[in-house]
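Labels run A, B and C following the written order; every chain starts at residue 1.
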Amino acid sequence: MIYGFGLAKGMGVTLKALVGPSFTVQYPDRRVGIMGAAKAAGISTPSLLFKHPIKALRAVLGFEHIAVMPTQSSRFRGNDFTWYEDRCTGCASCAKYCPLGIIKIVTLPGGINMQEGESYAIETFDIDTGRCMFCALCVEACPYDALHMGSEFERSNYVRMDLVLTKEDLIAAPKHPSTWFRPQMEEAGYSPFAEALEDMKKAGRHETPTVDELTQTWVKDRRTDEVVED
Amino acid sequence: MPLKTEPITINVGPQHPSTHGVFRMRVTFDGEEVIDVEPIFGYLHRGSEKLAESRTYTQIVTLTDRMDYVASMTSNLSFILSVEKLSGIDPSPRGVWLRMIAAELQRIASHLVATGFFLQDLGTLGTPLIYMMRERETILELFERLCGARITNSYMRPGGVFMDAPDDFWPALDRFLADMPHRIDEYEDLISGNEIVAVRCDGVAVVDSQTLIDASITGPMLRASGIDWDLRNRQPYEYYDRVKFNRPLATASDNYARYIVRIHEMRESLGIIKQCLEQIEPGPVRPESVPFLIRPPAGDSYVGTESPKGELGFYLVSDGGVAPYRCKVRAPSLINLTLLREMLIGDKLADLFVTFGSIDINMGEVDR
Amino acid sequence: MPDPFDSILYQYVYCTLSSTDDVACVGSGLFGGGLLPGGLEWLAYVLTAVTIVAVLINAILGGVLMMIWGERRLLGRFQGRTGPNRWGPFGLLTPIADAVKTMFKEDVMPTVSDRLVFTAAPILMLFPALLIYAVLPFGAGTWLADINVALLFIIAIGGANVLAIVAAALGSGNRYAMFSAMRSVAMLISYEIPLVISLIGVLMLSGSLSLVAIVNAQTLPFFIVQPLGFFVFLVASMAELNRTPFDVAEAESEIVAGYMTDYSSMKFGLFFLSEFAATIATSGVITAVFLGGWHGFDPIPSQIWFIGKMVAVLAVIVWIRASWPRLRIDQIMNFAWKALFELTLINLVVSGILLLIWPSPSTTELWYMAGINWVVFLASIYIFGKVLGPKHDPVKAGNIQPDVTLSDSDAPALPTGGGD
């Protein structure tokens, strides 16, 4: 072994990194040079120079930037939740399986003059994401595929209370459910970054029944049940 | 007339750049030489073992993520194996292979962190660390594809894993396996032959193997002293008896040996993943019979597994309920730390942190 | 004494201001000269000095900002990252943002500190770094002062910053700082000697202590003629500057930030500034003494040549910082006394003998000397490496046995129990 050879070899490795590409992922935008700007605009570098000289100058000076989309996988457990009210029965499985007990569900109490299905109408559905650890056990526990992990992650906030997702927030939020524990979505090739999934029927794992089947089930259920007293 | 000197006592930590978390050492120096060390820990104590007594077995998986947070897959694995033994669950073969792939990837990631910060403590201004973080990032992205999270995975469930790997996972894994050997060669070029690393690490903090065995130290630290003790080979769990792998040993038992053993173990882990890929077959990843809420029969179980840091095991006692009656963690980080005082006394101040880094501890696991 | 009119800088500003009829001023100066009325030549002298010093100090500050940017950017690239690129084109305004942030931070003073010493230390630290620039020749005829003991001046001034380090450590009353100060002092004592002796070979060749004379003597750059001297000087000045691999005085993974641990705000900023200023100054000295100073080929101005060589030296220093770990303090001492000191003595003896053979060497004779010196350099580095280097190959000494496989394992019986 020649003394100093190892040191020189180490310097060679860093030199290789110097001339090689950088692996920094810039977010939310990326600074581009003149060639990158031309590529982003979809034209060749000389035509950028002639057609958009100001843009080319900005690119040379390093002021030009293009937006970068996040590169998460579709299973990414984001910092929010997607919830389909129509799928939820208020069974509170999610609240039961939450290790931290941060899901609060209040369903309407039974009473007179109730419409069908209303005895489980949901009054409160609060998730305190300020204390949530996004383990997604609630999603795993949901028997009706009503609750999904979201794909959002930019949820920093100045007020702690704003991190509590209420029922209204969940209804109003755009539906970008993560495919975590939802194999039916993966099979359908759904990506939360490409499109929103507003249709609650597509989010579920069950096949959509026809009207006939629904009627059959209805009649069958009524027959097997005991006398139903309102 | 001799010069009047007096020892200096410094509280190193809990807030110090090189204590790898919130660890504190009360060190007494005679000039640059360490004459006494008193390790003090418990700053990150969250009571995980007590919390586990009031949670169901599936919920405890999320606690194990947060014990060794740079190797949560192996923590998951160790806990799950103990639960499976306790409740007599026979795991699905595909789930087991997936768990092995995840655990070996995690071993590489953990060794990358260990070596990177060890070299950072040597004063390399982050260059090897950032190179290693680059590859760890690839592994974490693989984990994200697998289970949607990068650090706190919660990937494994009693009986297998919660969900099969997505289709885009396999080509990404192949790319990683093809790329990683060159990266390890790059680290070796940068560090292994470096004379400064050699003079800094050679013969520093030598512990003889008998002391290590007496202190029940396991993992790369023990293998760096020439003892062939790897639980993947000695007490094969999962399907480790169906894969062939070498166990790199070093005899010097100094800081350099601990470093080089980790580097070579990364190569072996790559080989294990390749063999797993050859043997894995389609099928369910979790038996349908395993309920979501497990009620194991009364009894106890312990499965020792080879985590990147040493022997990790969960001792579970069940009284037949949904939550364990007692959960005790045999944490390698804590036990490997017990020889710290013997290793440090007589060394220089600069070697304090290098030795500490070479043990590769994780405060989340030490304090639990 | 050298004529101040040797300096183009001086001549230019002075002739612009004064309405003297000195022959040196004919045809030089802006606006045809004579901004001040006759009889005020003394004022022109004073104003000239003030102007040049102001320009130089601002140039140093600008250079420091550029170096902070360059170092961060280069380090980023060496590590495969992008480096700062957000604020301004290519992140060029990042150091300005840094400076503004540093100024507006809270100035914390520890209760146990000695107020006077604590405050004086950063200022003490800055002066030596700035003073070195006074004698640096930045180009043909571009210097502030061409004193005939310039090298001696640099060596004397360059060692003074350790006083500031000790003052900072004593003033802040911090034990990490104390470690740092002790290490700095030990390193100064050890490395000042090889630093000085390594320059003697150059002095024998040039016959002068003046940097301008040394640059003029370099028909062949002295790093070719004096490889051993160059090597020792580079290593020793990196140790003086506390740069990697000798940065034990501010080893952030060991003693937090060393003597700067308790400093914040602009006091910390001054330390930072003086450290970078000293690095640039030392690279200037290396350029002037060993790399041929402002000499280059013609269309490019001599000042650009000088600054280009300086930047190259700085880049090498940053490259080393990006690649190597840090040495331990006792190994640094060993290296100084057991290797560098002897190497300088060898260099001294060999240079003396060669100068006996060729008393006033021409360029061809300098090439002969260079050949002999390179042979001596490589041979002595090899021998010293063999004697003082790592005693055994650590890759082999690690005794990795990759051939141990499952099949040929002679595992002892498993311990019983353990939950089975």
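Descriptive notes on the structure:
Keep in mind that, in the parts below, a residue touches a chain if its C-beta (ideal position, glycine included) is under 8 Å from a C-beta of that chain, and two chains touch if they have at least 3 such contacts.
Model, not experiment: these values are computed from the prediction.
Chain centre most remote from that of chain C: A (centre = mean of CA atoms). Chains joined by the most contact pairs: B-C. With centres taken as mean Cα positions, chain C sits 53 Å from chain A. Taking each chain's centre as the mean of its C-alpha atoms, chain A lies 31 Å from chain B. Averaged C-alpha coordinates give centres for chain B and chain C that are 42 Å from one another. Residues of chain A found to touch two or more other chains are 1, 3-4, 7, 10, 13-14, 17, 23. Shared contact sites, meaning residues of chain C that touch two or more other chains, fall at 78-81, 322-324, 389. Multi-chain contact residues of chain B, defined as those touching 2 or more other chains: 127, 131, 134, 190, 192-196, 198.
Residues 55-56, 58-59, 61-63, 65, 127, 131, 134, 137, 141, 144-149, 152, 154, 162-164, 166, 168, 186, 189-196, 198, 292 of chain B touch chain A in their complex.
Taken together, the chain A residues at the contact with chain C in this complex read 1-4, 7, 10-11, 13-15, 17-18, 20, 22-24, 26, 31, 61-63. Of all residues in chain C, those touching chain B in their complex are 75, 78-81, 175-176, 178-179, 182, 244-245, 247-248, 251-256, 321-331, 389-390, 392, 394-395, 397-407, 409, 411, 414, 418-419.
Residues 74, 76-82, 85-86, 88-91, 319-320, 322-324, 381-382, 384-386, 389, 393 of chain C touch chain A in their complex.
Chain A contributes residues 1, 3-7, 9-10, 12-14, 17, 23, 72-77, 97, 99, 133-137, 140-141, 149, 178-181, 183, 186 to its touches with chain B in the complex.
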